[in-house]
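Each chain carries a letter (A, B, C and D) given by its place in the written order, and its residues are counted from 1.
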Amino acid sequence: MEALKQRAIELLEKGEVKAVLGYAKGTGQARRAFFARQPGQVDKLVLDEACTQNLAAYATKHEVKKLGRVAIVAPPATQRALIQLMAERQLRDGDLAILAVDEGAIKELGSAAALEEHLALKAQGLDAKDKTLLAKLDAMSREDRWAYWQNEFSRCMKCYACRNSCPMCYCEHCTMDCNRPQWVPVASHSIGNLEYHMVRTMHLAGRCVECGDCGRACPVGIPVHLLTISAEETVHELFGQRAGAKAKLDYALSTFKTDDKESFIR
Amino acid sequence: MANTYQLSRESLTSLFGALRKDGRRILAPVESDGRIGLGEVEAPAQVAGDYLQTIMSAKEVAFPKVERLLSYTITPGQVDLKDAEPKAAPTVLFGVRPCEAKAFGALDAVFNWDYRDKFFNARLEKLAVIGLSCTKADEACFCTSVGGGPADTAGSDILLTPVADGYLAEVLTEKGTAILNLASDLFKPGNGVDKVAVAAKVEAAFDQPALTAKLPGMFDSEVWVDQSLRCIGCGACAFVCPTCVCFDIQEEADPKQGERLRCWDSCGFHMFTLHASGHNPREVQSARWRQRIYHKFSYYPQRYDQLGCVGCGKCTRACPVDMNLKEHLTEAAGVTA
Amino acid sequence: MSEKNIYLPYLMRIAEITEESPAVKTFRLEFVDDVAAQSFDFKTGQFGLYSAFGEGESTFCIASSPTRKGYIECTFREVGRVTAALADKEVGDIVGFRGPYGNVFPLEDWKGKNLVFIAGGIALPPLRSVIWNCLDLRDWFKDITVVYGARRVADLVYKRELKEWSERPDMKLVTTVDPGGETPDWTGKVGFVPPVVEQLGLSAENTVAIVCGPPIMIKLTLPVLQKLGFPPEAIFTTLENRMKCGVGKCGRCNTGKSYVCKDGPVYTLAELNQLPAEY
Amino acid sequence: MAEPFEPKITAFVCNWCTYAGADLTGTSRIKYQSNVRVLRVPCTGRIDYMMVLKALHKGADGIIVSGCHPNDCHYTSGNYHARRRWMVFKKMMEVMGVDMRRITFSWVSAAEGARWAQLVNEVTDQVRALGPYSEFRQIVGAGIE
């Protein structure tokens, strides 16, 4: 933590960055995103288990880009999101100073190559709780799974917290906001909710970095992250690729192999 | 002055029975998977026990997240319009917090200040509110900073305040009296309990009248930009808010028939004010965040002589990025213009 | 007791369609219901929400003058889901109309004054309503001047009426197109609206200016008018914020404490100066 | 007496293979069940999963998605791209609990008129046996007060 603060102060003092985006204390036990814009504010930065938000979601925001070059505190999921954003050309190599945090250790990564190398050393594992939930879903009958999601989606109000918290949902014009044609109803009724979550899942298949922020963001506790994570795992199982690993675009659904294996097409 | 009674804990079962016998559904906070939400109940035992607040507000009882405004059928050269009638079932909201009960007044202000909104009115007319005073509060609560309080009676038809062996029941309105008359034997004479002593202590965080007075002068303050930098522009705050009333009207149709739906909307969304031309009067998130604050704390008072905020703190609890309204208002109140 | 559904539109039959310029059309709409037709009344400056059943509602001003009874007209450009659906309609088709909503141009207050109308592009329709209204009450006012500019000659709307206005002895019409937008037979001016206004030699004395146009035109025209001596109280405009309800509830058009749909769409510059610039 | 249930089947087919195949079925005068509504698109690569969702939304009881056999795509690789997408889409739909017995993916070439007839017959019989997709239809219109 001290090393992080020290480096943050240096970066700000030398003018290498205009802000250090990290975590600070929030309401109660919560942690929140914090932009330290002066060396004097660096003291507010904290780093602990409660720092879960994927700050990469801010990297593509107009308001943040306008600040100038930013340093970003990046736990593993944030690192994956950042490299995926670079792969999708939403960030340029060197746009950000990446302060990679791995189990308390800080490492500054100056380039996409360094980030890629850094990520290659790590195994990506699913959260134990999510694994259990996914297994539970898998074990359900189809009818029960349908009922389960219908029940969960009945609380959805399309606040789009899941979309807006997602680092990969950076589109200027989201499908949900397009109305010519109006593919997905705007209204948050049953079919509108179902189609929204289907579209969100498909759009993130092969792109989801499995940070789980969408699920954490949901104010009514719908585990929407299970959908994107399971889609991402499907892509991995079927095509052996993972989002958030390479700085060059490697999107499973924009390519193919002539021997892709399936067993359901008649 | 309200008529004050004593209501024993046990008598609630009979009260619920009497309400249901009268053909009313009872909505109350219930727990499901650790979340507190409004649900239909038959007996007091189904009501959540030691809850602070529901995640969602009770506004959806009068202003649902999706409702039909009209429908129509189309045949060549002809359109047949059909008016929609809100399904307004006689409903008792039991156990909502005083802040939320009060919020119906802010909704009413918008829905009826000029043209009258029959959908909201039909539902509100059938609604009776049995509020429940708060005996605890959390860091998001700030009712006392916005003219409310943990045992405030505004908006409740009957307000219950938990006391040792039951409730102090203040019967406040005609609707409340009607409920009392359904089971008048349950309502025993009051014993003069000091409800303020029982209610939660919520310290005032900021001087709201002073804040409201200074907002017009600090429109261009950097404080809105600073605060909103971490806002991700979702609609969680607006959708859980008991007073947020902004809505969208959406058409859903086939070539032969269609309907017009009213859906919740949020001033925090980029699309909210976007013109067809591409011009957007509130282009950046800071302008949208400012609108949210100003609408509630400056425009509402100017227009409706009341605030558009009841200090329930739901927005703060729901916010995925911890935008704490109380804290941000306190900060704004401290800005020297 | 059931109240009236304020979101229920009138059914209107399209009586006439005029192609004004590329993607811009004018509809003349007549009430399907005779009783509604009899009781309907509006004042110039007001607007409505027009439905294309199946796609939704869109907000435009009423482009015809209240002095012309029995119908209303609207002029719109095809830009979105609803306007595209409207543009596909044919004479005889049914559309919806809710209104009239909003405030009005204070013609009574303008009695005995000179009027200068300044419009750009697709923003002539709201002024067309008030211009015809004033022309139909011609003896109320002194000089009437209309300045209208568009990007290209093809973009000028109401060409037939522009010709009529240019030939009328009791008013002055100045048309202009942006440099490069003229055609070989163009006889109007070439130049942007603000400098054209500046060169007209207008007097602010006993005169009101009514301005409507794209934001950039308004932004550059207002200083010209102020330089000419127009006080903010004598400059009128009409705002076109996004709306869904039109009746002061949905919150979209909310600009400061003002609802454009209720307190507007007509504002004086003096009033606008009191509002945040969120329009 | 109630009419016996006849399923509505929507078929999304590519222009070059399956549509031509279905055409051949007709010109060969092979009879098959008439429950299918054929929607022709240029290529299976064009078949957005949203189209399938919309068909279900609008009341289809069964869906057929069909195009050129692998290696036969008129545009070289449209069907390969589509295949990947279907693989992911199918799994997503399963996770959501959609009854995938109602969605059939197939390859039918321009020469396989008889195969098209057989496919439609099989799918129609299967969906008829499953009955109306009321589970999905129940949610259409639900959640509106």
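Side notes on the structure shown:
Heads up, the rule we're going with is that a residue touches a chain if its C-beta (ideal position, glycine included) is under 8 Å from a C-beta of that chain, and two chains touch if they have at least 3 such contacts.
What you are looking at is a predicted structure, and each value in this text was computed from that prediction instead of being measured.
Just to note, of A-C and A-B, the chains joined by more C-beta pairs in contact are A-B. For the pair chain A and chain C, the distance between C-alpha centroids works out to 47 Å. Chain geometry summary: the mean Cα position of chain A and that of chain B are 32 Å apart.
Note: centroid distance chain C to chain D, computed from Cα atoms, is 50 Å. Here the spacing of chain B and chain C, counted between their Cα centres, is 39 Å. Taken residue by residue, chain B touches two or more other chains at 66, 248, 250, 254, 261, whereas all remaining positions touch fewer.
Across the assembly, chain D contributes residues 143-144 that each touch 2 or more other chains. Each of the following residues of chain A touches two or more other chains: 187-189, 192. A list of each chain pair in contact follows: A-B, A-C, A-D, B-C, B-D. Within the complex, the chain C residues that touch chain A are 80-81, 84. Contacts from chain C toward chain B in the complex involve residues 2-9, 11, 53-57, 79-80, 83, 92-94, 96, 214-215, 240-242, 244-245, 247-252, 254-257, 262, 276, 278-279. Against chain A, in their complex, chain D makes its touches with residues 49-50, 53-54, 57, 70-71, 77, 80-81, 83-99, 104-107, 119, 135, 139-144.
Touching chain D in their complex are the following residues of chain B: 64, 66-68, 86-87, 254, 259, 261.
Touching chain C in their complex are the following residues of chain A: 179-180, 182.
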